[in-house]
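By written order: A, B and C. Residues from 1 in each chain.
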Amino acid sequence: MPITLERLSKRFGRFAALDDVSLTIEDGELLALLGPSGSGKTTLLRILAGLDVPDAGSGPVDFGDGGDRADERRVGFVFQHYALFQHMTVFDNVAFGLTVRPRRVRPEREEIHDRVHKLLRLVQLDALAHRYPNQLSGGQRQRVALARALAVEPRVLLLDEPFGALDARVRKELRAWLRRLHAEIGVTSVLVTHDQEEALEVADRVVVMNQGRIEQVGTPDEVFHHPASEFVMSFLGDVNRFHGRISNGKVQVEELGAAVPLEATSASADGVNARVFMRPHDLTVARDDDGAGQPSFSATIVRVNAAGPSVRIELENAAGGALHATLSADELARDQLAVGDRVQVTPRRMRVFTDPTPVGTDGKGGA
Amino acid sequence: MSGDHTSHPGRHRLGEPRWVRWSLIGFTVVSLALLLLLPLVSIFSEALARGFGAFAESFSDPAARSAMRLTLLVAAIAVPANVAFGICAAWAIARFDFRGKTLLTALIDLPLAVSPVVSGLVYVLLFGLQGWLGPFLARHDIQIIFAVPGIVLATIFVTFPYVARELIPVMEEQGREQEEAARLLGAGGWQILWRVTLPRVKWALLHGVVLCNARAMGEFGAVSVVSGHIRGKTNTLPLHVEILYNEYNTVAAFAVASSLAILALVTLVLKTWVERRAERAQEEAARLEDQAGREEVVYAHHA
Amino acid sequence: MALIRQRTVLPGFGLTFGITVTYLGLIVLLPLSALLVKASGLGLGGLWHTISEPRVVASLELSFLAALLAAVINLFLGLAVAWTLVRYRFPGRRLLDAAIDLPFALPTAVSGLALTALLAGNGWVGRYLEAIGLHAAFTRGGVVIALVFIGLPFMVRTAQPAIADLDRETEEAAASLGASRWQTFRRVLLPALVPACATGFALAFARALGEYGSVVFISGNMPGKTEIAAVLIVGKLEQYDYAGAAAIAIVMLVVSFLMLVTINLLQRWAGHRRQEATS
């Protein structure tokens, strides 16, 4: 059964953390809430958990002031800083949700024992069941926190930047591990993160948020390759950004000394400002114009950085602006490009975003 | 700095010259010995001035016995009551946001700034014969001032901040996350308090109890004002000391005083022990965290 | 609950807040309002009349000046002691460190008794003082000594953490720039300790102002000479002059409030300094 959130709003003082947010979470999916700090993603997660209450709108779970118990609520929450019970062993931490149940609903001791060990095996920490949290590494602690949340068989698993406090290497491993775990258990999960790589790698769908609003909801592929707004485009992945103005149905980009075609859906009034986005790996860099009639512009190679899986080239165009492109090692070798060469840069793909109708007082359209 | 400082083996390059250091040490030892240890020693010396027999006799006196009982009774009521209050106040203040928190905290600090005599006086003005509720109490034949209830109330007034003031900063520092996690796992209020909160603050709680108890048993000024000094009925140990002294029964006065001094020493020992345990627990936790963190990096590089 | 700014998931606000407020109301506010009512019954005129009695003025003066002097002594004594305990190692250091809390743990009547016995003419210390013509017991000097005794822990325990927190690097920087040890102390270390010292001073002063038990034995309680305000309040109570006692108490209460506010501000100032230093 999908979870529906309708028109949620929440303010802290004068700061609007959430502004009219609506979302549907599908059963069994792993959803990522992605955005910079202050975007409202953590607030949204906490409202889902019942840790905070929205000022307006309806959420699916409604916590009274000390009323309902676990059996009714069934939300699992994993905190960024684990929030493990420091004075209890790993086993007691994971068993906690089961041992606090009222007598009539509480499982027998043997059953609790079995369930806890099963979960610990699932997170590969069975051998450490009798250790205390401060004897564990950060990655291990997070896995215990996960097992603890799963012990109560939640309807929804909520994770608040679960890997944020960890070493980069450990983070990568746990990401893959979480993906596998989710595939195995299949519980609906919502993950909050500011790391776009993490969201794109782990989630079934991504919700990109900014300043309390949802910018776009879609699969990782959709949000990356078909961003719905400037914000989404610049937030996800590397990007080159240029300013231009519409003239004669095209966008004149002074910095490049070229004109690019307008997108079909944009407003086409002359004189309207526009911004053109190109991803570094969508640029073809070659000695000569490939002659296919695509708009291209000239630039000089300023720096070549070949250390890594792909080659990163920094260029300076005619107007003195900087841009960067990503090539494979083969492409670099084929043309034998080097610093100082004058080249033709052809964007294979680009996005153009225009200002909405003349600047109003709400000043939308900027980050 | 010039080179001669570094060539001196006994001179720490970044320290005071030796003579300053040793003068300060000498000064400290002498002044503390004079100011603190000498009075302590003199209590026992005066108490035993006429031999151990006279010393022991002072405690078999029925008035002394009843003073002891009353002191213990007052502490047995005041300390648990203040512990309960302290936990409630700390829970409300450290776990929730609300208007008037500053005022509440200031009110909790108030008894510590007020003179003990004023603390007793306010109760006399409230419950005394000429006080606000005086006529009401007289009509119903309830005695508060010059009776045990008054002593208990005055003691509670001067001692209730101790536990709360220990718990509040500790709980504020610890943050709400573990309790929130417990709630989300389905724990009820009492379960959260008992299984998550209290175990985390146990040293602070114990520290507060030790201080609260010391003050409850030793309070003089406030109790003196409300008690009426009725021998055998409304005298606590400190008041009994005063009575004996005023009767020029010096040895007995010091004997009883020495029992209170022993109580003070026990308090100091307990307090220091609790502080050391708390410190050690923190260091241990920090050490293990460090170790675990290093293990993790190693593990990550080997994976 | 309209009182809570943010609703949270944690239970128990209503209960704990209610108990806290009720407890405070019954134990603190109710008695205090009885005092206010009694004092206001006098009216401002009556209040002034009581307070300006020579005996009352003398007692307030003594309480204030003796507390001030004792706090000043404690400032220097306490700082020196705290410095020594934190910075130096010597045999018996731990014992002395624990002993600092003795005046705090000892019932005031016991302290008062002990100090009186020591400083009286035939006491261990008193006899030497008498020999050089100084009288301690039953004089104002004795009052000051008693107040130094009970104020010492406040000064030392406030200064110790501040001294321990001193930034070693700034000390080393000053030394490397050529400052002598005294210069470093005076111009680098001491200023950093000012907030803590001010707080300790205020705490010792506030405590000394209202002190009763340790002083009532040693002072002799001679009206106009060695009678502190707290003793006078008790005296008036024994004569059933409730109004008079209330008047003096109000004055002391107002000063206590002011001290409370001052101490809070000082502690916040000290806290800020520490944050700045460590950030």
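Everything below uses one rule, namely that contacts are C-beta pairs under 8 Å (C-beta built on N, C-alpha and C of every residue); 3 or more make two chains touch, one makes a residue touch a chain.
In this text, all values refer to a predicted model and were calculated from it rather than measured experimentally.
For the pair chain A and chain B, chains touching both partners: C.
Geometrically, the chain at the heart of the complex, using CA-atom means, is B.
Measuring from the averaged C-alpha position of chain A to that of chain B gives a distance of 52 Å. Computed from the mean C-alpha positions, the centre of chain A lies at a distance of 57 Å from the centre of chain C. Centre-to-centre spacing of chain B and chain C amounts to 16 Å, using the average Cα coordinate of each chain. Among the residues of chain B, those in touch with two or more other chains are 180, 184, 188-189. Touching two or more other chains at once are residues 6, 8-9, 11-13 of chain C.
For chain A, residues touching at least two other chains, in rising order: 49-51, 66. Those residues of chain B lying in contact with chain A across their complex are 177-178, 180-182, 184-189, 191, 195-196, 199-200, 285, 288-289, 291-293, 295-297, 299-301, 303.
Taken together, the chain C residues at the contact with chain A in this complex read 1, 6-9, 11-14. In the complex of the two chains, the chain A residues touching chain B come out as 49-51, 66, 69-71, 73, 75-77, 79, 81, 83-87, 96-97, 100-101, 132, 134-140, 148-149, 151-152, 167, 169-170, 173.
Chain A contributes residues 12, 49-53, 63, 65-66 to its touches with chain C in the complex. Those residues of chain C that touch chain B in the shared complex are 3-6, 8-13, 15-17, 19-21, 23-24, 27-32, 34-35, 37-38, 77, 80-81, 83-85, 88, 90, 92, 96, 98-103, 105-111, 113-115, 117-118, 123-125, 148-149, 152, 168, 171-172, 175-176, 178, 181, 185, 206, 209-213, 217, 229-230, 233-234, 237, 240, 242, 245-246, 249, 252-253, 256-257, 259-260, 263-264.
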